[in-house]
Amino acid sequence: MALTREQLAQRVAQELQDGYYVNLGIGIPTLVANYIPKEIEVMLQSENGLLGMGQFPTEDEIDADLINAGKQTVTMATGASVFDSAESFAMIRGGHVDLTVLGAFEVDVNGNIASYMIPGKLIKGMGGAMDLVAGADNIIVTMTHASKHGVSKLLSNCTLPLTGKGCIKKVLTDLAYIEIKEGKFHLVERAPGVSVDEIIKLTEGELVIPNNVPEMKL
Amino acid sequence: MALTREQLAQRVAQELQDGYYVNLGIGIPTLVANYIPKEIEVMLQSENGLLGMGQFPTEDEIDADLINAGKQTVTMATGASVFDSAESFAMIRGGHVDLTVLGAFEVDVNGNIASYMIPGKLIKGMGGAMDLVAGADNIIVTMTHASKHGVSKLLSNCTLPLTGKGCIKKVLTDLAYIEIKEGKFHLVERAPGVSVDEIIKLTEGELVIPNNVPEMKL
Amino acid sequence: MAGFDKVVSTYEEAMAGLEDGMTVISGGFGLCGIAENLINEIKRKGTKELTMVSNNCGVDDFGLGVLLQDRQIKKIVASYVGENAEFERQMMNGELEVELTPQGTLAEKMRAGGAGIPAFFTATGYGTPVADGKEEREIDGRMYILEHAIKGDFAIIKAWKADRYGNLVFRKTARNFNPMAATAGKITVVEVEEIVEPGELDPDQIHTPGIYVNRLILGTFEKRIEQRTVRTAQS
Amino acid sequence: MAGFDKVVSTYEEAMAGLEDGMTVISGGFGLCGIAENLINEIKRKGTKELTMVSNNCGVDDFGLGVLLQDRQIKKIVASYVGENAEFERQMMNGELEVELTPQGTLAEKMRAGGAGIPAFFTATGYGTPVADGKEEREIDGRMYILEHAIKGDFAIIKAWKADRYGNLVFRKTARNFNPMAATAGKITVVEVEEIVEPGELDPDQIHTPGIYVNRLILGTFEKRIEQRTVRTAQS
């Protein structure tokens, strides 16, 4: 079975380590915050200028001056700090964030990512995504493996305008956990109940299959 | 009579305007603070990260954490702000300081200034001087017109390593107030009791003399 | 207005000198930390052909979005234009020129504009449409593109508190682009929720020194919330 | 040390991993805001061939000056080296390599190092010895030179207060180069006068967020004054 959004978030959360500063993109990445293992501490960076993002506010706590990068009202965690956008992206661009999780439309075997624009159709802007992919060493892309019509999003070459070039090494889709190296996708794990053949069928870019492809543990 | 250090400071102070943010270099420029006209307000910027430098502290007020760019203990004026060195030079380099007053070894007809180094003899470093001359539109250089041995410091070409190129338009010496334009010195005022001939004799670079050269009013 | 007192009493005074064709840099992220009343004053004035530099362009009926209604904006430099139907419509129809700029690059371009840094290299946008027509360079084995500073004829800023000298303090994430924008305007206009006397703000805790501020006005704010997300008290 | 607790209890731990030949970026302006005890620990360790990046190099017997006595410094990048006889002697004799760097450029190089900006243009130093060997370029009718970022293997920082997570607050002009230096170290070590619990510092008033800080130690400081200038109480 393909992973649900919640399961994708759960699997990403397994990559978190104690003491990590983490930037979670809008959408599925945001859900990762719900699955942080109890025994570790992570601090969430929101690129509009907050390190130590807390949970959503109660009605009483709502503060128009305190939002996250998705423009949602949030709270601050203990030990949080606030700063301006230049400082926020100094942090991001300077490689100080330990893990970045973001969504994408397409990823290719060379680690290119397209996530911000569908020409003639969807032009919302890249927001902080280009800085995030350029600045982070450790990025996990979460996305569906293919479109509803079965068109693969893991390609030999991205077809949409790029968000970043050669910067993606890890992709978690609803079907598989894949690493990108030496110009190829490498299948590392498969979603529970999903066969290697299904993954092969829905992966357009070259995919290396090891002898053993374990199921994800969730 | 050549101006004293105090008189130089007094003459520079006449250039101050109400609401000016001013950076005063080490030495004679520092003395300018003592001659700010009563009817105007100026705010002193110290490039180590203080806007609104106050007077020297009393014994009781001395604070090792509060110094100026000359490393002297100071106080803060009402409405002062403190910031880091990057912000301080953003202010300076970005042209936000209204007037900069600094000393020099040599100035030439092209507005070049040499003030930080005498090769093989004096190598203290440029500190913030290169940023100050590059960032300010409005700079007054204060210096003695010539060395003790009568060697002019107002030259056709600076002989010492430059602090800045083509950035000086106003020079106040102990003998004269001079403006630099179109590759020439222009005599604007002379020190009380100093003759135009004396000034000509001690000015190596081309000097334009208008018909009337008023004495400075101090 | 003597000495360093930056306070003006009317919005007309606050935006005096704004002319057709000028560039205006705006602080704010979405609807958070925007100079609501300065924007409304620009609408009232009806100034046209503006180039707006701002991370976002508000929503249809609030924030910078209100300037789209009367076609006051010729060009916008922004990182994200979602959540604004009129914006998308004008852009798609070619009525509005849009220069999409990565958020961090935009922040840095404003800072650079204020700080006398005319251009800088960044890896952000290399190999993407953002790099089109820009210089590329390898430095220490990595590829970068050259980005240039942005300056504005005006900067419109929302702060929390200020003293009369224009020293500013921001509150929570309403800070965002405001401090950089404040440095990059030839005329920087700030509206705030509270004005205190010089000396009342701790000098160590001032976010934006008054040297960057030209005019200061006391405002009242709606502070509209774009995404009202809440949890129940027990969760 | 679990989670975000950055506190270490000994100076040995604080400077563990410092090796011969490394680059160390130091905060401080003159003797103001310097990491006195971290410097002394470097002296105690006897690490050699260091490249020090700091606005000044202390005085003969205090601050970074103490590292000159045992010739621990191979090269220094600084803006001003006056008031230090041993420094001048070693420099004149060619025993010490000195890269004189304008103060603002130095601050910006540190900031750039921490901010992922590999290089930037500045007018500072154009037409001077500082420009030797550097790229020059005209931008909008003015000449600029290209300067590159600085990063350190270590950064040694003095702050006033910190919480255990490494969020820092500086005091008065002891701030100076410290915030930029803190961003530019692979390992950033901070000594402070007071450590509080997370949550005790106002998030809006933190000068350096803990993300830049790797190790934190509580110190006691001499705070020597270089130029003790006073006025009489009545003046």
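Letters are used for the chains, namely A, B, C and D, taken in the order the chains are written, and counting of residues starts over at 1 for each.
Following the convention adopted for this analysis, a contact is a pair of C-beta atoms (placed from the backbone, for glycine too) under 8 Å apart; a residue touches a chain by one contact, two chains touch by 3 or more.
Everything quoted here is computed from the prediction, not taken from an experiment.
Counted by C-beta pairs in contact, the busier of A-C and B-C is A-C. A straight line joining the Cα centres of chain C and chain D is 32 Å long. Chain A and chain C have centres, each the mean of its CA atoms, that are 28 Å apart. Put simply, the C-alpha centre of chain A and that of chain B have 55 angstrom between them. Taking each chain's centre as the mean of its C-alpha atoms, chain B lies 36 Å from chain C.
In chain D, the residues that touch at least two other chains are 108, 111, 115-117, 122-123, 170-172, 175, 203-204.
Within chain B, the positions touching two or more other chains are listed as 76, 82-83, 89, 92-93, 134-135. Taken together, the chains touch in the following pairs: A-C, A-D, B-C, B-D, C-D. Contacts from chain C toward chain B in the complex involve residues 2-4, 111, 113-117, 163-165, 167, 183, 198-199, 203-204, 206, 209-212.
Every residue of chain B that touches chain C in the complex is listed here, in rising order: 18-19, 21, 40-41, 43, 45, 51-52, 76, 78-83, 87, 89-97, 134-135. Across the complex, chain D is touched by residues 108, 112, 115-123, 139-140, 142, 144, 148, 169-172, 175, 203-205 of chain C.
Contact residues on chain D toward chain B in their complex (touch as defined above): 29-33, 55, 78-83, 88, 91-92, 98, 100, 102-108, 110-111, 122-130, 143, 160, 170-180, 207, 223-233, 235. Residues 46-50, 55-60, 62-74, 76, 82-86, 88-89, 92-93, 112, 117, 123-131, 134-135, 161-166 of chain A are the ones that touch chain C when the two sit in their complex.
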